[in-house]
Amino acid sequence: MIRTEYTVNTGDTAEFNNHVDDCVGTGRMGLALQKEYHDQLKIVQDEIGFGHIRGHGLFSDDMAIYQAYADENGEEKVEYNFTYLDRVMDDYISLGLRPFLELGFMPEKLASGTQTIFYWKGNTTPPKSDEGWTSLVIATLAHLIERYGAEEVTDWPIEVWNEPNLAGFWKDADMPAYFHLFEITFRAIKAFEPRFKVGGPAVCGGTDEKWIRAFLEFCREKKLQPDFITRHHYTINTPENIGHYRYNRLVEPKSGIAQLHTTRVIIDSFPEFAGKKIMITEFNTSYTPQSPLHDTNMNAAHIAAQLSMLGNDNASYSYWTFGDVFEESGVPFTPFYGGFGLVTNGLVKKPTFYTFKFFKRLKGQCVHRSDESVICKKQGGYNGVIWNLQMEDERERAEISFKLPADKQDYCLAVWTVDEVSGNPLKTWHDIGEPSSPSAEQLQLMRESAVPAVSTIRLSAKEYKVTFSLELAPNAVAYFELLPAEIRSDRGYDYERAVNKNG
Amino acid sequence: MIRTEYTVNTGDTAEFNNHVDDCVGTGRMGLALQKEYHDQLKIVQDEIGFGHIRGHGLFSDDMAIYQAYADENGEEKVEYNFTYLDRVMDDYISLGLRPFLELGFMPEKLASGTQTIFYWKGNTTPPKSDEGWTSLVIATLAHLIERYGAEEVTDWPIEVWNEPNLAGFWKDADMPAYFHLFEITFRAIKAFEPRFKVGGPAVCGGTDEKWIRAFLEFCREKKLQPDFITRHHYTINTPENIGHYRYNRLVEPKSGIAQLHTTRVIIDSFPEFAGKKIMITEFNTSYTPQSPLHDTNMNAAHIAAQLSMLGNDNASYSYWTFGDVFEESGVPFTPFYGGFGLVTNGLVKKPTFYTFKFFKRLKGQCVHRSDESVICKKQGGYNGVIWNLQMEDERERAEISFKLPADKQDYCLAVWTVDEVSGNPLKTWHDIGEPSSPSAEQLQLMRESAVPAVSTIRLSAKEYKVTFSLELAPNAVAYFELLPAEIRSDRGYDYERAVNKNG
Amino acid sequence: MIRTEYTVNTGDTAEFNNHVDDCVGTGRMGLALQKEYHDQLKIVQDEIGFGHIRGHGLFSDDMAIYQAYADENGEEKVEYNFTYLDRVMDDYISLGLRPFLELGFMPEKLASGTQTIFYWKGNTTPPKSDEGWTSLVIATLAHLIERYGAEEVTDWPIEVWNEPNLAGFWKDADMPAYFHLFEITFRAIKAFEPRFKVGGPAVCGGTDEKWIRAFLEFCREKKLQPDFITRHHYTINTPENIGHYRYNRLVEPKSGIAQLHTTRVIIDSFPEFAGKKIMITEFNTSYTPQSPLHDTNMNAAHIAAQLSMLGNDNASYSYWTFGDVFEESGVPFTPFYGGFGLVTNGLVKKPTFYTFKFFKRLKGQCVHRSDESVICKKQGGYNGVIWNLQMEDERERAEISFKLPADKQDYCLAVWTVDEVSGNPLKTWHDIGEPSSPSAEQLQLMRESAVPAVSTIRLSAKEYKVTFSLELAPNAVAYFELLPAEIRSDRGYDYERAVNKNG
Amino acid sequence: MIRTEYTVNTGDTAEFNNHVDDCVGTGRMGLALQKEYHDQLKIVQDEIGFGHIRGHGLFSDDMAIYQAYADENGEEKVEYNFTYLDRVMDDYISLGLRPFLELGFMPEKLASGTQTIFYWKGNTTPPKSDEGWTSLVIATLAHLIERYGAEEVTDWPIEVWNEPNLAGFWKDADMPAYFHLFEITFRAIKAFEPRFKVGGPAVCGGTDEKWIRAFLEFCREKKLQPDFITRHHYTINTPENIGHYRYNRLVEPKSGIAQLHTTRVIIDSFPEFAGKKIMITEFNTSYTPQSPLHDTNMNAAHIAAQLSMLGNDNASYSYWTFGDVFEESGVPFTPFYGGFGLVTNGLVKKPTFYTFKFFKRLKGQCVHRSDESVICKKQGGYNGVIWNLQMEDERERAEISFKLPADKQDYCLAVWTVDEVSGNPLKTWHDIGEPSSPSAEQLQLMRESAVPAVSTIRLSAKEYKVTFSLELAPNAVAYFELLPAEIRSDRGYDYERAVNKNG
């Protein structure tokens, strides 16, 4: 058992920037037409509530926006079809979300090549015509403005392409070609409507020196002022593939956070760009789908540690992804296939769902932050998140004790805990035989087992301090509220007698 | 710790008649117009699902059926208003319920006296005119048949009055007056439509020799053949009143069941009536509302014991009542006021809710019944309910072990447990200060704490037997399913590695 | 046929104050616990959307707030029960409504006498103790503030009693007693929380000179500054009673409006009170329930005329009542019983429902108002309400023509019409035999017949004017929108060919 | 005006087989994952309620069932993924539907060639391996049985492939190759589970002599006894293409019905197959999507004529398709794009929706059928559908009069009419400018204009006959109910006074 004690004194504060709900990731936009996708997203929005949503495939052919045809003279003409785009955007808006628009991938008929990525075959080659590309971008934005109003739409962030530093995502990882794409896109959008916010370069992690610095130099040279800088962030070593699955090794949360700080330092080294907002447009533990890790308590605890620190340098960090409707590596065979999502196919909440829910519930001024806890002051009391990340094979329980300033006498401490016993439907699914097609009864059982344990306890302050300990199993994550709770019994009501006496 | 072990052998069966869902009780019919009433009943029906519903007040003035007025010549005329009756019946039917019609109490303008009962003032005097009463009864039944069809309506059981053996419910507890009422009502209904089933005498417990026997003698003499015999059943000693509340002492479940058996014996002693169906039209632990006992785990465990035995002699036993919208002693001041209901005002499920849900889930042939358990065989496996009733001040935990016949190798045991820690919102409400007007957040917390703990474990059969132990806290009630569960892992999926290894 | 033509010129404006949605009336507060009440109110709020709701019975005994009991020494003590109040307020707030609090009637145990009003027996006598009364008022307001916050609750208008100038509503219509009640209540509330807005005297119409003037003189003398003045407004002559029903004769809308203006004049004649807000806390055509008039098209047209003028002098006018759950004259026998409501029991919308819906939809600056029409400019087009009130036995159709300024070429005129043929479920109910207990199929038919006829037509502007005529059956009410509508056909689409040619 | 009169005498009956709700068509199965698809289907099921649903693409790659991969030795292995299949089937079942399984098209990795059909690229070549194909079929059926039970699943009809007589749907329209596919599939299914019902040859119309006869000869020779014979049925001449759209010329309904009768005659000429069930697994007016005709009143009237006759020879006729989520010719650009559906994208009901709803409502014994009407006797009254099909440029109104036997005195005739004025949202959409991306307000207006006009009238019988006339605009379709409706007014209620008098 690891034992830790913390004392918070009156007036203490701690730094903690909570942007947990700014943005969330999604499988390709064409999947947003699906009912299961909507149902998963609705659960996420009802209980967590993100502000923006970002994913690939806005211009991929299943969205059917770019339509080329031969006119009566055999000449190629282009028209745009916004039927599916409207449907997706309407749905997002009805769920309280705004899109974070990632411009990509390439419609087949506008592409310069045939290279594709993923099971769903997103074309990752530059446009065959710059003008065709910018026309497509502007026509799309113009349509969105006509439908939703400029006030609203210019508030949707725009990012140019995805991970161009990887040859899979952008032919040959051709940096000049990407910078050119960024430039023409950026200039076209700003010329059309300067209120739009446009950023890049959307690179994956580990390429700060090479890509981020080069991008900023390019912008400086071309006198482009991007509205924000984007990159991604994952925290595993190279995975091992077995059958449909990938097994990853997690690194320490802090090492990832340190790596992110490099980006901040590089940006701030440019006087033109110092202080510019960084938006992590993707993050998670593993970057591979079909990674069983995603469904575990360890994932939940690791993300808790990350969420306590990601706001240090970044204005946004978008968990990749909200749900398990996802096809990059093909269609999943089972409900617990190690997808990125917070919710499985079949609408079962994973442990990491609650990590987000807990951080979203945090309100008030931070008074304490440590490696395994964050506490904020609110409404005459406190709320906090604690976790016990255990990555090694030998795993220990933890007991964390707090002594907090109190100006009332009587308190109730309510604790919501997700650990290997409670809120862990992966175990339930395993125990019932790992069914690929669970029955309605099995799904119901999994959903019932996917809720945190809730407990309450009464506490009394002593000398203006209230003290309590919380015990966490390995990789548990818990949320607590400590609120004043004077007992005001109704006339004649005697709880102790009711509960402990027969008569 | 109390330790018990049971072995079931192949081919074993046990007697157990499960009529848990035949009927449930309700506050007076006028309350069925309320939205909170509907919302509570909907929860009960969605998760438990009773077949019938029975309560007082069909003819009380808030149902507005009986309307007397003076015509142009000043003569009293009567007309019937079925607006509210239709509304209530439509709602019951939409919730999958059929009424168990209790004929009573007396409309003020048809009453022979002014005696009333309850905060809501039900008139408990005989009719001033026999003909006025039977006309009212027949007009009501005729209206129901016109609206819902004779096939349907004649299937609704009918009971004449409520607890006429108590002076509060029937002026002077006048036995001949009641028998007369029964006779005229019975004859009028059967003359109108012989398919109706009519029963009585709806007495409270403890009066078998006096009232049940006399009633049967009266029926024999008058050549009346009632379709079933009704009585009530409560299991407490005299309560102590303090402020708004009453504190009761529970008696052993078995002593109550023994007392019920007397009724069976008396009926069977009449050759004309031997074997006639007994319907317990009310039962609970305490017969008083505002009885804090009702909200406790002890209540849940006591009712579990009762539900395992009530089918011994009785075809129906109607828990008094499904919900906490109830006004007999006035309007409750708090959500946990010790009401009879399975659900509180504010839609929080009490422990006893789950006792009913658990027994309702029991399917298949009983293979074992003991003082603290019932097990049935189904779908190649088993399901059961177990409980640990502890009524004394010193309370013990129990460990119950079962060895059951098995024809498969791999099983999953799933257990749903309600005890002082899980599924016990009364404690939560107390811990937050016993608020009379809980906020939305407080209600949410109470609802979250009102769910059973769910756990699963994998088991392997040995020599065609599967063995397991369940530990129960004092007054815990649990439901389990033991079902075959061979593991069929997807290609490459390794649960142990995913959960226990980093990478 | 009555023919009328109007021309509106560029820049024309007309006076029209649209407070249609400020407030609506309701049957007594205890009825707000009912499901049917909630369902009717939900329809009204979903489609019309009022801001406040006002009705009687806050302190009547079915709300159970005032509870007196004898303590151990036999002394009368008082406690308050807010269970039902919370339930009602929560429901109002969930439907987007704020209460307009009418303080009354008297709890039986606080009353000085036994006089009651209505089938539901509201006690209409002064308090037996001034202090008991003000304590009740302040305890209630304090509770509301604790539950909903002072910011919110002090925004709820408060009115002292109802129609004290009628002996039925206030014992002996005792003016000094009412003024005393007003004074102690007003002073107590302001002392407790000065932000509350308190008004009176809530008199019925026709008593301006006597009561309004006296009330203002009293306030001047006592140096009370009420926040607003309240009165009621109905527009019929004395009804004739037959069986359960009352038949009324409507007066001209303008004569009613003229009468209301008197109140304005009297108030403005007091320098201390000049310009003070007038709130009509009840209005309708007939003041009697069971008045078949309420369900008719004539009622809808009359209310349309009123709604076009009621804002002339008044800041609020609360239609009495939103729905037909109402018991002042007893429980209705049929769904179309002439209740005050916009929606019947059984959730069928009456013609007057649409009068409100149409006025609520009116947006923009008024450019034209006449005896049978109001037109406002919005979004490059117009919207308007027109009606054809015909009160005499001989009834005529009307054709109303408009010529409006246009800055576009192509328009679409959409018209929603409620008349004797469309949106008139009373006729449907009559045609199917006036059933008191309609079946589900009959209700469905009634609901399907309770929708306006919708039509569209394309119009072209000529010389910057667009011209059109609308024909109205007697007592029809219609809403129209005239909006720019250029045709942008998809490539190859030919509507005329599709519709008018075979192939 | 065309005037027609019909007299029905007591005891008259007419032949009319109403299988309107047996089955409906759908776009490819992969689209069934979409939310808009579900929402459209839910409307159709809620208001019409079909029994089965049939469409293409069960085995197409977007359903992801057939998965080939290389094992560690580089050998191709096959596994099946039922994730999407389960999702679609669960949704159908939740909507009260059973699938009519069409086996096709070919998974790319199982295909012998690369020929595809449609925008969505269904592979239409034979399997590269017979065994691979039958294994896929049997694995799919076995999975469905495991999930839904053999009792249920063997009740789902199975059809082998689609329109193999067209070279687009089946490479080279190779008849021997299809017959071979049919034989191996049929034999494999029957060997697996003989209770399955399997049919073919699923040909389009106009090929009875060639394909139906050859198919039956083949079956006779091979001693195959198919459970039913399937074909398709459309009623237009060759369309003209303009831009995205096709314009078709409708033929007379009767000529189509006559052509269908040929199939019956051919089948019955084989003694082995005489009387065998014919299932029309697709029918509509035009066989092309993007056919504006589908959205018109003429389509609705033509389908009405068809529905009155299709039961003459056929046990099932499946309208192609229930909704407008459909991609065979690409993604639609506008909501009224001439799709096959009964409901548009955006959930607006087309006129033909009501043709189906009206025929579905028809209950009882047919007493009259003519070229423009069907009448059935029910519940002491009648219900009927009438239409006025007008295909030429000059179109006439029709007045149809009926004299029907009556055993009551008073009746109410209720009529629901869809014509160019009511229930015609295509006109509304045109009038507002044919928007491709309608706003929420525009959609609301379209939906409000997509309801039938409802009217009621009271009728009195004379000499045991009730007589009435209905007037229909060109291409109107109407449903009526004529039911007994004695007036039972409440005490004092006078409808005429309420409606026609002021006071």
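For clarity, chains are labelled A, B, C and D in written order, and residue numbers in each chain start from 1.
The criterion applied here is as follows: contacts are C-beta pairs under 8 Å (C-beta built on N, C-alpha and C of every residue); 3 or more make two chains touch, one makes a residue touch a chain.
Just so it is clear, the model here is predicted, and its values are computed rather than measured.
Trainee: Can you compute the centre-to-centre distance for chain A and chain B, using the mean CA position of each chain? Integer Å is fine.
Mentor: Distance between chain centres: 48 Å.
Trainee: At least two partner chains per residue is the criterion; list those residues in chain D.
Mentor: 79, 333-334, 436, 491
Trainee: Could you classify the connectivity of these chains, where an edge means two chains touch, as line, ring, star, complete or other?
Mentor: Topology of the interface graph: a ring, with each chain touching two neighbours.
Trainee: Spell out all pairs of chains that touch, sorted by label.
Mentor: Result for touching pairs of chains: A-B, A-D, B-C, C-D.
Trainee: Looking at the complex, which residues from chain B come into contact with chain A?
Mentor: 236-237, 240-245, 247-250, 292-293, 295-296, 298, 333-334, 337-338, 391-393, 410, 412, 414, 416, 421-422, 426-428, 430-436, 445, 448-449, 451-458, 483, 485-495, 497-503
Trainee: Considering only the defined contacts, which chain D positions touch chain A in the complex?
Mentor: 33-38, 64, 67, 79, 81-84, 86-87, 91, 143, 146-147, 330-334, 345, 436-437, 439
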